[in-house]
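Following are the structures in question.
One chain, chain A, links the two complexes that follow: it is found with chain B in the first and with chain C in the second.
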Partner chain A sequence: MNGLIKNNLKLFFKTKYLLFSFLLFIAIINIFLAAEFYNYLIHEDILYYLGESQRLGIVYFVFFVFISYEYCVKNKNDNLLESISVTSNGKFFFYISKLITLVIIILIMTLNIMIYNYAVYFLKEINLWSFVKHIFLNNLLNIFLVSLTGICIGTMAALKLKRFKAYFLIILLTILISPIIEFVPYILFMGFGINIYPLMNILDILPPNLNWVSESLYGLSIEPYRWNLIIFWICLLSSAILLNVSSKKIKLINYISYILVILSIYNFYSYMNSGSIVKKDYNPINFTAFDELYYSNEVQREEKANFTIDSYDMKIKIDRQLKNYVTITLNETDVLKGYKFTLYRNYDIKEILDKDNNPLEFKRHGDYIDVYNPADEKLETIQIEYSGYSPVFYSNLQGVLLPGCFPYYPIEGYRRMYLKEQSSYIPIIRDYTVKFNISVESALDIYSNLKNEGKRYYGEAQAATLMGGFINEKKYEDVTFYGLSLEELPKENNLLRIDEILNQYKSVLFKDQYTNFKDMKIFQSTITLSSKLTDNGIVSFQDHILTYDLSEECLVQGFAQKNIPYDVNKLKVKKEFFDYILHKERFINISKSELENNMIYKFRRLFLEKINELGEDYVIKKTYYYLTDENDTRDSELFIRNLN
Partner chain B sequence: MKSKKVFSYLTLAVALLLCFSVNVYGASANAILLATESSTVSSAIGLSTYSDYSALNSKDSAYSVYANVQCAFPGKSWKQVESTLMAAPGIANGTNYATENANWRLELNPWGWGFIGCSANGIISYD
Partner chain C sequence: MLEVIKLHKSFKKKEVLKNVSLEFKNGIYGLLGPNGAGKTTLIRCMVNLYDLNSGSIEYCGSSINGNNDLLSNIGYLPQKFGLFKELTVYENLKYFCILKKIYKSRMDDEIKNCLISVNLEDRISHKVSSLSGGMIRRLGIAQAILGHPKIIIFDEPTAGLDPEERIRFKNIVAQINKDRIIIISTHIVEDVEASCNKIIIMNEGRVLKYGSSEEIKSEANGKVYEVEKNLNADEYWYVEKSFSRNEKTFMRILSNKKENLKSLEPTIEDGYMCIVKGI
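This part shows the complex of A and B:
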């Protein structure tokens, strides 16, 4: 067999057109990687470099599908196969040795990309073992296994089809696998309501999201469903190849083929149960469209609960998706017939029980749950078991992004959670604290605003934030900062001078409510949080803050917002208020023509008019009272027009 | 003849100066999608750590239109940051931030590839 492989390797490199294609392929790959390496010296973003290198997956696929076809079909034409087939199992060994030869070439070419990726990693001088593993897994999945699938397709085509049909099939498959076909299921769904995404996705073996800014907490997509899909194809095709090239007499090979079929079925089943994934295409069940389409209709409600919550006891398990068993201790003043909760709609409730484990009747309508009390006494405790995921706020084996302002556990009352015109989630923050006792079962190290003992998180807070992935913990005197390991912030030193920074704004933004920031926790917002949450991901709780940057402005806004109840109707004023205080020079120096003609500044114009008319101090003071006054329910426009 | 040349150079210099003076405190770019176009991208507005955008899909549009905010960091290619589907009629607006300076642009794209028949406009800017 070894000799056969050596001969096959020689044959590969002696065949002029194969050798020429191979050299051309190497040249293209290395020119691309070197050019990106040069760009890396400018941006120094290792995750971006990894993403760009994984784009080559499609090039590898196309190359290996064609090369394997040509390589396998070559000897068919040379009549070599006929003579080999005469010998015992000759055809089988002949093809297997060819496949091994091709796998050796894939290995070399995968190593080629990995060398660049690891060179960039070492140049960056970050000590992050999980990212070393991430580079390896990405290359294994997106380059090695994608190429292997290509080889299986090329070999099957060589075994079964004539050149014209084979080339037709190969070109068709290449088109179906590549991202250019994405528009077909999209148009069918949006235009005619026909959903062929599940069918098309079966061929979706290439890495997704490469046209989007990378999610630094998460890395590139290597969720289990992608491995399942690609292993499904490889097992299915290789079993077909084995059955085609082996003689019926070799039972072992037949058994291996059947095992491969079983493996492929198992992987297909696992693929179908993908759970939480991050895929930023326009599939109606994914990141971009899932909530966008749902909240386009008037499905949101707002209603205060007539009870409060004393404590949550949660047993969270995060693998492919989130599973939670939560016991909620209620604080009811009267006996209630119904209890209203908000829980993100894609978490499926298995059951709801009372304190004696008796099932409680409930009604689910979107994000809202009504739990009915059958007895004439207070419920005191409700137990809810549910599982599921959000396509945006992910929770799986690769990353956990569960900010406390997102209802991944039941929140009392009906709450509005999406702002359509900004495609943003509205942070849900209660104005009192509750006790949390959470145990989290996850393969990742999870960081939280709560106190932590091993896998247990506990304490009293408004909400529980859980984050895991490429994140690390740093102490800056009294402040704990959870930063993204792959996206270092330039102004981390500001955390050492928070008091000094906040003092400059004390008279305007903090007044009597100047809060103590001791034991404060600050989480760096990911791109998902900063683009998908209103206020650009600056969310403030009493004990922790989420912010995309540690600039003075972001820190001030983060701390100041703690005293400002969240009200979606006041968003416009809030933006102008903070922009005026924190970026005053920029704010007032905007050119007159821009201010008058640019529709972006329509509300700013009103705000500036009031400042010019009534004076800065007065407008700022009044605006601050308006923002902090929960009872003032006027919207931004009404407030600014009424200001006098 | 010579004075005419000097005058034209002076005019050019003043025009350039005006262009730059507009950019001292910011820049903006419009994206206008005509009913005959299947997509449009604004010009890039230059380096900034943030950008405001606002877009409007008119009531005469045949379809919904995506307002896509894209950014490119030095050395990197254009990447999508945000994508909002505007009904007809519908609006989208917001601000996007980056921790380093990036170039920004706004793309208006009817929801179907190659679809025409939508009138929309948008602006992306920083001040």
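This part shows the complex of A and C:
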């Protein structure tokens, strides 16, 4: 076989048009990578560079489909095949050696991209082994396996089709696989309600999300479903190739072909059960459209629970999706007939049991669960087993983004969790603390606001935040910072002078109690969190804060919000209040015409009018009291108009 | 001994080979028949390119079907033959040596000897693209005889070759003849006349005659005549060819009726035509 491969390589490089195509391909790839490398030197975003390099997957695919077709069909046209086929397994060895030759070329070209990626990695000096692995896996999946699929398609076309049909197929597949076709299912779905996404997705072997801002916690998409899909195609096509190039009487090859078919079926089944994925497109079941479409209907409710929760005991398993077995200890003053909970709707409940493991009847309507108590005594404990995922708050083998303000475990009462006017999630924050005891089974290192012992997380808190992926822990005096490993922090670290910063706002923002930094944890929000949660993703709990960066403004808002109960009705005032305090210059320097004519500044105009009329100190002080007063149920507009 | 036993081969509904039975011992066999007679199909069955519908092909008592050891004993030059044009003569033959699993240590000698047999030793380092059509055909013969196969099959080896190359081919065949079965499929009678020990005549998927050239010739005994062209043609005559002599045009005809005409000594071509045309 070695001899054949050597001769095939020689043949490849001695065939003028193959050599020319190859050299052109190398030139295009390297010019692109070098240009992006130059861009990298300016913006220094390593994940962006990796993403840009993975865009080349489509170029690799097209090149290898074309080159493998031409390379394999060439000798068929040269009437060489008949004399080769007569030799013992000649046709088989001939094609397999050709395939291996092409695989060697793919390997070289995959290494080409990897060299650039690793060069950038070493320049960045982040020393993150998981990212070294991430680079490798991305290139393996998006470049090597995509090219291998291209080879399988090209070879099959060479074996079965005449040139015109083969080229038609190659062009058609390239269009169907490439991102340029994305608008077709979108138009069909939005315009005619026809959902062809499941069909289109079967051909979706290229990396998704490259046109979106990268998710630094997550990296690029290399979820298991993508491996399953591409392995499905490779196994299916390679079994077809094997059956075509070998004599039917060679049992071993027949068995290998059958094994490949079985593997492809298994991978297709696994692909269909993809679980939690991060696919930022307009598909109605992916990413934000999934919830945006759902919550556009009036499906949300709000109702306070007539019980509280004492503790959660959770056994969480995160693989392709989240599985949780949670035991909730309740605190009921009276015997209740029903218990209301909020749990994100895409988590499917398997069963609900009482403390004696007897099944409890329950009703699910979207995010809300009613658990019925059949007995005339308090339930005291409820056990719920469920599994599922959220397309936005992901939990899988690649990343975990489960902020405590998102109901990934049952929260008492009916809670609104989406603000459709802003297309944002509303943080759900309870006003008391409960005991948590969580064991997490995950391939990732999980970071939490709770105390941690190995895979166990415990302690008393309002909520449990779990995050995993490209995240690392850093201590700055009393504050622990969980930062995104791939994002660079500003040179001046505000956490080291947090006391000094907050002191400047002490008189305005920290009412009676000054904030306590002891054991405070700060989680850096991902782009998803900051763009899809109200308040720009700054969420404040008593023991931890989620913020997208460590700027003075974000930190002040994060710490100050701890004393402000979350109320959707007060969001407008809260925004103007913080904007005024933290970005005063920008706030007041909006041109008069803009302020008067632009509808988005309607509320700001009111706010400014009150400041001019009643004085800054008075308005700010009154607003702060309004925001912190739980009993004041006026909405933002009513408050500002009543202000006098 | 190579045996074809009651072989049937169909493509969809079209039966191409009908109950073909043949025996081959060492020697040169000519497989003659008009286009579409089933020669190439028979050969492709023999080299295992086609599956058989029924019947078998055996070499020394073992079925050749899927038997890699036996297949490695077959050298084959197909009707349409090509090579890697970008590689040299040596590199091409080396490629075949690898496919034929010839030991690396023997490869160079094997290649050299085969090239000497086909008079191409001086072209060993030339690119195939620089060779003429006849040379490429000879190189095809060289690849067929690589590894000393016990059976060598040539399918239409002289088609499109000039007379000099055809003579050369015959010489090569005569030279590699020892201890082997050589089967030459052709529709050109001259190709088999001098060099083949046995001739098989096929038509419409059947073997019509199996015998020596003399036996084939004898099929036309008393059936070959020469007549002037202006004579009224009888409906039983089969006109083989017309030719001029002394400013008169004559026809060489075959007839199974006793004619009162000038009788001629039959050639193998006459015998072949009598068999194929049922005269």
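Just so it is clear, the second predicted complex is superposed on the first by the 642 of 644 C-alpha atoms of A that agree within 3 Å, B and C clash if a C-alpha of one lies under 4 Å from a C-alpha of the other, contacts with A are read in each partner's own complex, and residues count from 1 in each chain.
Note that a residue touches a chain if its C-beta (ideal position, glycine included) is under 8 Å from a C-beta of that chain, and two chains touch if they have at least 3 such contacts.
This is a predicted model, so every value here is computed, not measured.
Of the two partner chains placed by superposition, only chain C is touched by A:G3; chain B is not. Touch criterion met: A:L11 reaches chain C, while chain B stays clear of it. In the superposition on chain A, A:F94 makes contact with chain C only, not with chain B.
Look at A:I250: by the touch rule set out above, it reaches chain C but stays clear of chain B. After overlaying the two complexes on the shared chain, residue contacts for A:V213 are found with chain B alone; chain C is out of touch.
More residues of chain A lie in contact with B than with the other chain of the pair chain B and chain C.
Looking at the shared chain after the overlay, A:M190 reaches chain B, while chain C stays out of its contact range.
Touch criterion not met for A:Q504: it reaches neither chain B nor chain C. Chain A makes touch with chain B in their complex at residues 39-43, 45, 48, 52, 183, 186-187, 190-191, 211-214, 280, 288-289, 292-293, 296, 421-424, 487, 489-490, 527, 530-531, 536, 548-549, 575, 586-587, 589-591, 594, 598-601.
Interface residues of chain C facing chain A in the complex, by the touch rule stated above, are 47-49, 51, 65-66, 68-69, 71-72, 74, 76-78, 80-87, 91, 94-96, 98-101, 104, 140, 143-144.
Those residues of chain A whose C-beta lies close enough to touch chain C in the complex are 3-4, 7, 10-11, 14-15, 75, 77-80, 82-90, 93-94, 247-250.
By the touch rule above, chain B contacts chain A in their complex via residues 22, 24-26, 28, 52-54, 56, 71, 73-77, 79-85, 87, 90-97, 99-100, 111-114, 123, 125, 127.
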